[in-house]
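Paired with chain B in one complex and with chain C in the other, chain A is shared by the two complexes that follow.
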Partner chain A sequence: MAAREVKPTRSELLEIKKRIKLTKSGYKILKMKRDGLIIEFFKILEQAKEVRMKITKDYELAMGKIATANAVDGTIAVKSAAFALRLHPEITLRSKNIMGLVVPEIETNSIKSTIDQRGYGVIGTSTHIDDATAAFESLVETLVQAAEIETTMKKLLDEIEKTKRRVNALEYKVIPELEAAESFIELRLEEMERENTFRLKRIKDKAGAREVETAS
Partner chain B sequence: MKGQSLRRGNYEYATTRVKAKKSSLLTKDNYPKLLMMDLNEIGRFMGETKYKVEMTELATRYSGVDLIELGVSKNLARTYREVISFCTGDLRDMVSTYLRRWDFWNIKTILRGKYSGASLEEIQEDLVPAGNLNEESLNSLISLNTPREVLDALTAKGDMHIPEELLANFEKGGTLAPIEDYFDKFYYERLLAAVMPDTKPKRDFLTLIKREIDITNLRTLLKLKQANIPAEKIRTYLIKGGRDLDLAELNRLAGLETFDQLIDELSKLPFYNEIKEGVETAKQTGNLSEAMLALQHYLVSESEKFSHMYPLSVLPVIDFLIRKRIEVDNLRIIARGKASGMQPDAIKKLLVM
Partner chain C sequence: MEFAVVGSEEFVLGFRLAGVRRVYTAQPEEMEAKVLELINDTSIGILAVNANELTKIGPNTRRRMMGNISPVVIPVGGEEGDLREKVKSAIGVDLYKTERD
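Right after this comes the complex of A and B.
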């Protein structure tokens, strides 16, 4: 808001003062939100690091197990066992609120299964295939967990960036402009006050002179 | 016995053929050499052995480790079918009933493929026609549309009866697992019935089958106990007809509180010393791999022991079938292990020698 566009009136001054107060309290809240989001982000970052490490570990373990199953039982047996299950893991997507930011909460309860729930026969399937199945179930579960954490992290980053832009806009543009407008109005009002005083003095002087003329 | 041939088998001819075939199996000293080779060298080595024909046939469609795996599987199927073809009389009955495990294997693959909607080519690629069902019979099953149609076709052939209860459960949206487990039980039931214990070698063959049932039951018990599956559920997977572990004993073992208690109880088995190391590793580490391998080793040593007792019986034929299977497994383990970057020592631990 350019100071020159502001009407230098008392009501405008009152309005601007009100807006400055509101903007400053908004600025304070946004700054607190930004700091809060950053603290949350670092918490999630730690979890994300841990889950990334877990993915690497689970992936290596699962690949090792499937390599052993492929070697001992053959890819033919492994593929055949994989054919036995038609169901795909299901997830439930919910949302939770972190400082006003809506982030996903992914829940799954159908990934891990016991030996007798895997669709293939228990008697004729080797432990290597069972181990590989369990390892991949674990990996998928970790991936779902990572999806939740990494989406939250991405959303938090976007929100921090957005809040930072808002804080900066308030700090470096909106508040200074409002304060400039306030000073301008105050200055103009003082100026007008002085002009008025001067005008009154002049009128008083003129009236005094006219009285002297009349008396003489 | 129903379906049992009354004709005496050609034991002299068949065991001579098998002896010749056995002599061409890879010897123990071949494996360390193979472990030191890379995949191309293994492929070349196999191209110079009895696997040459299959490797050449498949070389236009496959390469690398897939060529080796499919080549050895095809060779196994061809060898087994050849053994069935040169056996006659009661020997043929016993051998072909023994090899029906491959029919069930293929039927399971077809059912699973149909269940998950796999393509005909995908299913065909995964079949190993090493049993009584030849490629033509298997293809006719593959061409059917649903698992139910496959099961009906098998029942219509008359050599298999699938309980209505299992079919109804499957129709209600259940999985194929109970049907597959039924096949495994049915296989051993039929195998036990196919061997008439009228001679000493046949009685020993029965002993070998019963021991295999013991080992299959032990494998099931170990993995289900470790997974904390309830005893009443475990009992449904146990196969009757074992030698040292009858159903009552198996039920008792299934009812034990913990996996460790089961391991402790196994020390009472007459063949515990043979599997002790693997079983104790399982107790310490929770990894069943070595215990399973020890059980497999034990079965191979038993079949070898029996085969030397009666050279003109079904036993050397069965021993050859087991040894051939182990050779194929070992070659695949080495090739797949190499392809996935496993260390030679780790591969060696998985081999049965």
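Right after this comes the complex of A and C.
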């Protein structure tokens, strides 16, 4: 490790070998997680693009209808219809699990209503107001769908980025440093072994020479 | 949790028609303050805004807005703006690129 001194002992070497093994298997698993997240992401991407387009379409349609209603029935009629009491959309949030990530599942009670549920009188309003109402109800439904999809996408993207960073950190920093420490220790141990052998040889030679001296 | 909408009179009227109760009107200058206020309201599940009315909102608020979970802020009528940037940064490829770009 660049940051700490490695003791060139055999037990350190064993420790490091164990750590390398563990880290490498963790690295493999993280890579799988990253790839799995990306696959999930691509599934959602298509949905996200579609729902975005649908929002724009629904919105344009709805604005057109309400403009017509304003023109034909007058803004006052439209406003009073809007202020009539009626069912309102309620949202229930549930969570589901994608690759270990918690993402929302949004449900609404039915936004779409029949004419008698809308609170404004049938007689005083024309079909244009009804059309506008239906168009906006559709828009709200689409928006709820979009909320679920876009939130899921954002969470997936954040998790992908985090996982990517961890994978890279392991691959380019942690594992190479561990392997460098491993080879450093192996080298030093080899050196010490050679030193020892050389020292033993010298001592044996000296002892041998002394024996020869005392013998003669 | 409820569905809420904030924007100009013309924008929000249609939503009121569709039965949305939490309707807030705000001019573009007032949008930033109103959005910040509504983001902190956890009784709101989804907040719809008009993409064209977000011009006076600063980059910090915009980032908070788009990253918020409860409520989720959905811009209507614009393009996929910040999602595109996030995708580029996380995946490395601009997946929203079409032949028109």
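The rule is short, and it goes like this: the second predicted complex is superposed on the first by the 207 of 216 C-alpha atoms of A that agree within 3 Å, B and C clash if a C-alpha of one lies under 4 Å from a C-alpha of the other, contacts with A are read in each partner's own complex, and residues count from 1 in each chain.
Rule of thumb we're sticking to: contacts are C-beta pairs under 8 Å (C-beta built on N, C-alpha and C of every residue); 3 or more make two chains touch, one makes a residue touch a chain.
Here the structure is a predicted model, which is why all the values come from computation and not from measurement.
Asker: In the overlaid three-chain picture, which partner chain does A:P89 touch, first (chain B) or second (chain C), both, or neither?
Answerer: A:P89: touches chain C, not chain B.
Asker: Quick one: is A:R52 in contact with chain B, with chain C, with both, or with neither? Answer first, second, both or neither.
Answerer: A:R52 sits against chain C, while chain B stays out of touch.
Asker: Pick one for A:T114: touches chain B only (first), chain C only (second), both, or neither.
Answerer: Only chain B is touched by A:T114; chain C is not.
Asker: Examine A:E150 and indicate which partner it touches, taking first as chain B and second as chain C; both and neither are also allowed.
Answerer: A:E150 contacts chain C only, not chain B.
Asker: Identify the partner contact of A:I98: answer first if only chain B is touched, second if only chain C is, both if each is, neither if none is.
Answerer: neither
Asker: I'd like to know which partner A:I38 touches here: chain B for first, chain C for second, both or neither.
Answerer: A:I38 sits against chain C, while chain B stays out of touch.
Asker: Output check: A:A180 vs chain B and chain C. Expected answer is one of first, second, both, neither. What do you get?
Answerer: Neither partner.
Asker: Looking at the overlay, does A:E137 come into contact with chain B only (first), chain C only (second), both, or neither?
Answerer: The answer is second: A:E137 touches chain C but not chain B.
Asker: Which partner does A:V72 reach: the first (chain B), the second (chain C), both, or neither?
Answerer: So A:V72 only meets chain B here.
Asker: Does chain A have more residues touched by chain B or by chain C?
Answerer: Of the two chains, more chain A residues are contacted by C.
Asker: Could you give the residue numbers on chain A that contact chain B in one complex and chain C in the other?
Answerer: 63, 79, 81-83, 86, 118
Asker: Could you list, by residue number, the parts of chain C that touch chain A in their complex?
Answerer: Chain C reaches chain A through residues 1-3, 13-21, 45-46, 48, 66-67, 69-70, 72, 74, 76-77, 79-80, 83, 86-87, 89-91, 95-96.
Asker: Can you list the residues on chain A that touch chain B in the complex?
Answerer: Residues in contact with chain B: 63, 67-68, 70-72, 74-76, 79-86, 114-116, 118-124, 126-128, 130-131.
Asker: Which of the residues in chain A end up touching chain C in this complex?
Answerer: So the residues of chain A touching chain C come out as 38, 41, 45, 48-49, 52, 55-56, 59-60, 62-63, 66, 78-79, 81-83, 86-93, 104, 106, 108, 111, 113, 118, 129, 132-133, 135-137, 139-140, 143-144, 146-147, 150-151, 153-154, 157-158, 160-161, 164.
Asker: How about chain B: which of its residues touch chain A in the complex?
Answerer: That would be residues 66, 69, 73, 104-105, 108-109, 112-113, 115-118, 122, 125-126, 128, 175-177, 179-181, 183-185, 216, 219-220, 222-224, 227, 229, 233, 237, 239, 288-289, 292, 329, 332-333, 335-337, 340-342, 347, 350 of chain B.
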